[in-house]
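Please find the structures below.
Paired with subunit B in one complex and with subunit C in the other, subunit A is shared by the two complexes that follow.
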Partner chain A sequence: MSETTTASPGKADYGADPVLRVNDLRVRFGTKRGRAEVVNGLSYDLYPGETLALVGESGSGKSVSTLALLGLIPQPPGRVTGEVLYDGRNLVEAGDADLRKVRGNDIAMIFQDPMTSLNPVLTIGRQVTEGMQLHLGLSDGEARERAIELLTQVGIPSAESRLDSYPHQFSGGMRQRVMIAIGLACRPKVLIADEPTTALDVTIQAQIVELIRELQIEFGTAVIWITHDLGVVAGIADRVMVMYGGRVVEQAGVEELYGTPLHPYTDGLLGSLPVLGAGGGKRLAAIPGLPPDPTAMPEGCAFWPRCPHRLDDRCRTEQPPLHQVRPGHWSRCFYEVPDDEAAAR
Partner chain B sequence: MSAATGANEVLLDVRDLQVWFPEHGRGVLRRVTGHVKAVDGVSFEVRRGETLGLVGESGCGKSTTGLALLRLVEPTGGTVVFDDQDVTQLDKQRLRALRRRMAMIFQDPMASLNPRRSIGDTIAEPLDIHGLHEGRQARRARVGELLEMVGLNPDYRNRYPHEFSGGQRQRVGIARALACEPDFIVADEPIASLDVSIQAQVLNLMERLQGELGLTYLFIAHDLSAVQHISDRIAVMYLGRIVEIADAERLSDEPQHPYTQALLSAVPIPDPWRERERTRIILKGDVPSPLDPPSGCNFRTRCREVFDPCATVDPDLQPVGDGHVAACHLHGVVGQQVERSHHPNRGEGGEALVVADRATS
Partner chain C sequence: MAAADTTEAGAPVAPAATSRWRETLGIVAGNRLALFGMFVLGLLIVAALLGPRLAPYGYNEINITDRLQGPSATHVFGTDDLGRDVFSRVLLGARVSLLVGFVAVGISLTAGTLLGLIAGFYGGRLDDLIMRLMDVLFAFPAMLMAIAVLAILGPGTVNAMVAIGIVYTPIFARVTRASVLSVREEVHVRAARSIGAGDVRLLGLHILPNVLAPIIVQTSVSLAFAILSEAALSFLGLGTQPPNPSWGRMLSEGRGFIQQAWWIAVFPGLAIFLVVLSFNVLGDALRDALDPRQKSVIESRGMKA
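Our next item is the complex of A and B:
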């Protein structure tokens, strides 16, 4: 059974070789309070055209793990180990000059807040064309033409006259479109979207989600979509990785994950969401307690202190392995959510 | 959802509330050149014991409405009658007395708690101002009681805001709001800055407190799922106006205003099957500037149902069902049912709306 392919709303190609392979990626930071272990052994393959959602709460390591893919973690205080294989090279070991060729060209990134990630003193046109001139060697005129094309494609009206505008003259939704245009300028193989809609209103969010989906189908880009919003994930993802305490705790195709969540954290998250149209009145099944402190990770399962199913000392003292419970469905738990409770939800 | 009282007694009655902020020119005289119509003729009631949800997108005026109810910004027009007193007419002293009964919970508890005061002092501040629970012993006892009420250890009273997580800080904010035993609480985006698993904790806490203390809430948020969960009734705002009010369930099942319909269709649902089958209405463009709102109906520049009267006649809220009102000409112009002579410009032109059927896209 391969849930992942049948669940695909886009054009994921699981028969092809992965575009990106991540092996045992670890990121830690030296802090005043000791060593913070933020990403603790992350491994996954990303296939062409797929949307892989990285879900987790603040501090789960989801953003940091993708910054590490592109060598964007300052070292020190950071320390990145493991493998990020792209086009036969390990990006973790790559030098700055090599990375610069990859960034924005093969692997591009859209950040959460377009106000802080666009340069306020450069025109929109300059920022959209910069990457194309650097990576594709386009002339000023060619780059400008292509920028107009891109901005029109992402839905900016009268793009030609807006090229000479500055970011502050754009609304939040428009700025995010500009970020997307920059991200897609060199037709990257991989697009990392770090909470690209979190700062936006839902009606604008719907526009952006639709836009990225269309562009993905057109260019066959693989997207890593980082978010904490399980509602957005349900609509966009082919596969989902749920992160907690710097590790993947569950990984599955989107329908498999929502239909039969196996890890108590995933189950808890889904239970704690108010769902539109489900009617009020029902108390939400909140997860008690707080996420773990990365400088003081529990010895065993990171979720153990908050887990409603914790059964014995094993959970407290031993790190559960990520094991495949069904084809394509992995969970990092010694036990599964009992059937009767999963059914009651 | 609260157990609304049977009496349906109106606790707060807001009529034609208006908050306009003047815009000044660049000259030396800084003459007033126009007004940002943040809240432009808003009317609603809040009944004792209920939760009224106020939803809308950024800049629609929902927060300003909440602030104006307590006169934390001065309304420029309209009336706010709280328990038979018009809040807009009160002098300072009476206003202060009334604020004992109306409290506020803010979005960002880090910004709304004083970082240099222990949380015990922060919670006790309203008590000092209103001369309640006077004396060290009584004050200490009340602070401890409040901390327990919101699920915090009373021994935390001497700690400072930075020592708490976001969810705990919001609990402190709630404890402060409860200090003077208010009847009515305006909660402005109380869960927006919290992590998903913590949002549910705070929603549950607010519901429990409402049951225990008989509180009335105005719950302001942009997250329709959360608003629908906690509210008895919901009012939807767009560009300084209320466009629709209905029972929470009715609003999500049978939205009548085209904006509400678009808003609801854009809310992500954590269910891949439902997500795939939904028809999403994608609104084109951005919200117009409140400095110069469109003539007639505010929403007409983005509406897919636009027809003759929309550009000229400003629609009033009118009944469209049991306790359900909507401000849209589709439901009749000035009380009369209209025959639509031509088909609306659905999907026509750049500014109009398109319906994207996700199953086929």
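Our next item is the complex of A and C:
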């Protein structure tokens, strides 16, 4: 897939084979109110070194889809089908022992809230070296050395003395750095960052984003960055996938997406960003309505109830396919957002 | 304790890494009642370990001529109806009480925690099976069940340990399971799983250390109950058999002499009372120290910087 210019040229390698291929991933949960269809046919390729942003509201299925990649969805009550191809294997069908070898070692994940993602009763050193000892078979001394190196790389001063500290002795930003160190300890090929900056102050956010970007370039890791912050996306992503109702509704390179949003939902999201100085005193634009109930997913387009365009009845009854509207730019809509509306942005 | 934190860009002030255990002990030590409890416990342990050497007389040193004598210089707690020194018997009885208490609670703790961990972590039918079994055990009044077990196994100190151990297993299982149910949903458990930790590692390294607090408190409380239960069983003649000294048994034997020689029953009774009180007080202090909300209240009282 040929690509538009990336944020940092030379980082993503689109010429190589994808490091991860996801085909028709579906995740359903059995609930008291019926079957919840949380992820409905997700397909994408992840290339080495690229940053793929997964954007969507809460409940769009973005986090669940990445948990499914690592087999972290408990299978009753959940049910995961589809293909997650890594290194020639389909992880959806892999057994627990195989999955454990992949987790942390090849595909790692960092979580949103640094306050709760670390075990409060273990030292930082213990937690950073845990993955290394599981996967790399390092001796205690070697693991410790490597931990000190990692902690220094993520920006924790006096790393050696901090190895024996406990999480409650670190601030939120520091803890998130530790989380990043744990995630990258085994040099995984894929890092899933599930809203790593959402719980942090804005200034720290910028530092963390920058840190992940630097480490990514150094280690050549592909990053799936889950967020609902469009500002962050603009700063770090090569490609963006917008999710709604468990499906990708738009997918493009970052500049292409921001410049020419094709799907009404993306258009609405970008339009809801407040702009300083524009039309003082005007109400903030919002997308009215709520995301669809996963236990009652509509037959047609999931965005139809909230779509400002609703060009015809086909949208309500038929599920629009994801199709390539422009080179490298896919949209799940029967129509394109009227050009004049986009031009006004 | 607020950590002297590093600014993101400034020079670090790395504080001494105090584990939560040291923090907790510090808080407990600050509570005077708890200190008293620990002191009594200390005495008890000394008595248990050095009893035979400290006791002025043997526990079965019968001396009919000196029988039923009140507390005096030669017999600090007096003598019983067979002329045995009550003080020595109380001292040596400490050994039995402590032994039975710790071993019995050791059994309950191990079995109960293991069952609670498995039931809470795996859930589903395994959880149902284990907890229904615990419910069955819970349904019986503790003493009756202990007596029933001893009726099958026969009386004696070791059998009393087993009986009491069985009786107190369900409470440990319940306490552990309750904590496991909430800890297993915490993000750090999912994070550990995401780096490849298997079930055993998750249970041992990530879940168990985080559920220890209520288990510790329960241990302290159960120790009190176990010692009390041993005394009760011995009182009924089912626990420690004569001539081995046991506080409960001494109570039972001293009952008939309450009018003429109150010291035979009162001193062992006092000993039971003090020990049970100490364990309870210690348990309370530990619970306060380990409960994060109470902890802040205590810390602010001590006005720690």
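We take it that the second predicted complex is superposed on the first by the 327 of 345 C-alpha atoms of A that agree within 3 Å, B and C clash if a C-alpha of one lies under 4 Å from a C-alpha of the other, contacts with A are read in each partner's own complex, and residues count from 1 in each chain.
In this section, a contact is a pair of C-beta atoms (placed from the backbone, for glycine too) under 8 Å apart; a residue touches a chain by one contact, two chains touch by 3 or more.
Treat the numbers as computed from the prediction; the structure is a model and nothing was measured.
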Subunit B versus subunit C as contact partner of A:P157, first or second or both or neither: both
Contacts of A:P291 with subunit B and subunit C, given as first, second, both or neither: first
Which superposed partner A:F219 touches (first subunit B, second subunit C, both, neither): neither
Touching partner for A:A108 - first (subunit B), second (subunit C), both, neither: second
Touching partner for A:I182 - first (subunit B), second (subunit C), both, neither: second
Touched partner set for A:Y335, first subunit B, second subunit C, both or neither: neither
Touched partner set for A:Y166, first subunit B, second subunit C, both or neither: second
Partner chain in contact with A:Y14 - subunit B first, subunit C second, else both or neither: neither
Those residues of subunit A which subunit B touches in one complex and subunit C touches in the other: 157, 171, 173-174, 203-204, 207
Subunit C to subunit A touching residues, read off their complex: 3, 5-6, 8, 11-12, 14-15, 17, 19-20, 186-188, 190-198, 201, 205-206, 209-210
Sites on subunit A touched by subunit C in the complex: 70, 72, 96, 100-105, 108-109, 111-113, 116-123, 130-131, 134-135, 155, 157-158, 161-162, 164-166, 168-171, 173-174, 179, 182-183, 185-186, 203-204, 207
Footprint of subunit A on subunit B - complex, ascending: 1, 57-58, 165, 167, 195-201, 203-204, 207, 222, 224-226, 228-231, 248-249, 252-253, 262-276, 280, 282-284, 286, 350, 356, 358, 361
Touching residues on subunit A, where the partner in the complex is subunit B: 7, 9, 57-58, 157, 171-174, 201-207, 210, 213-214, 228-235, 237, 254-255, 258, 268-270, 272-277, 279-281, 283-288, 290-291
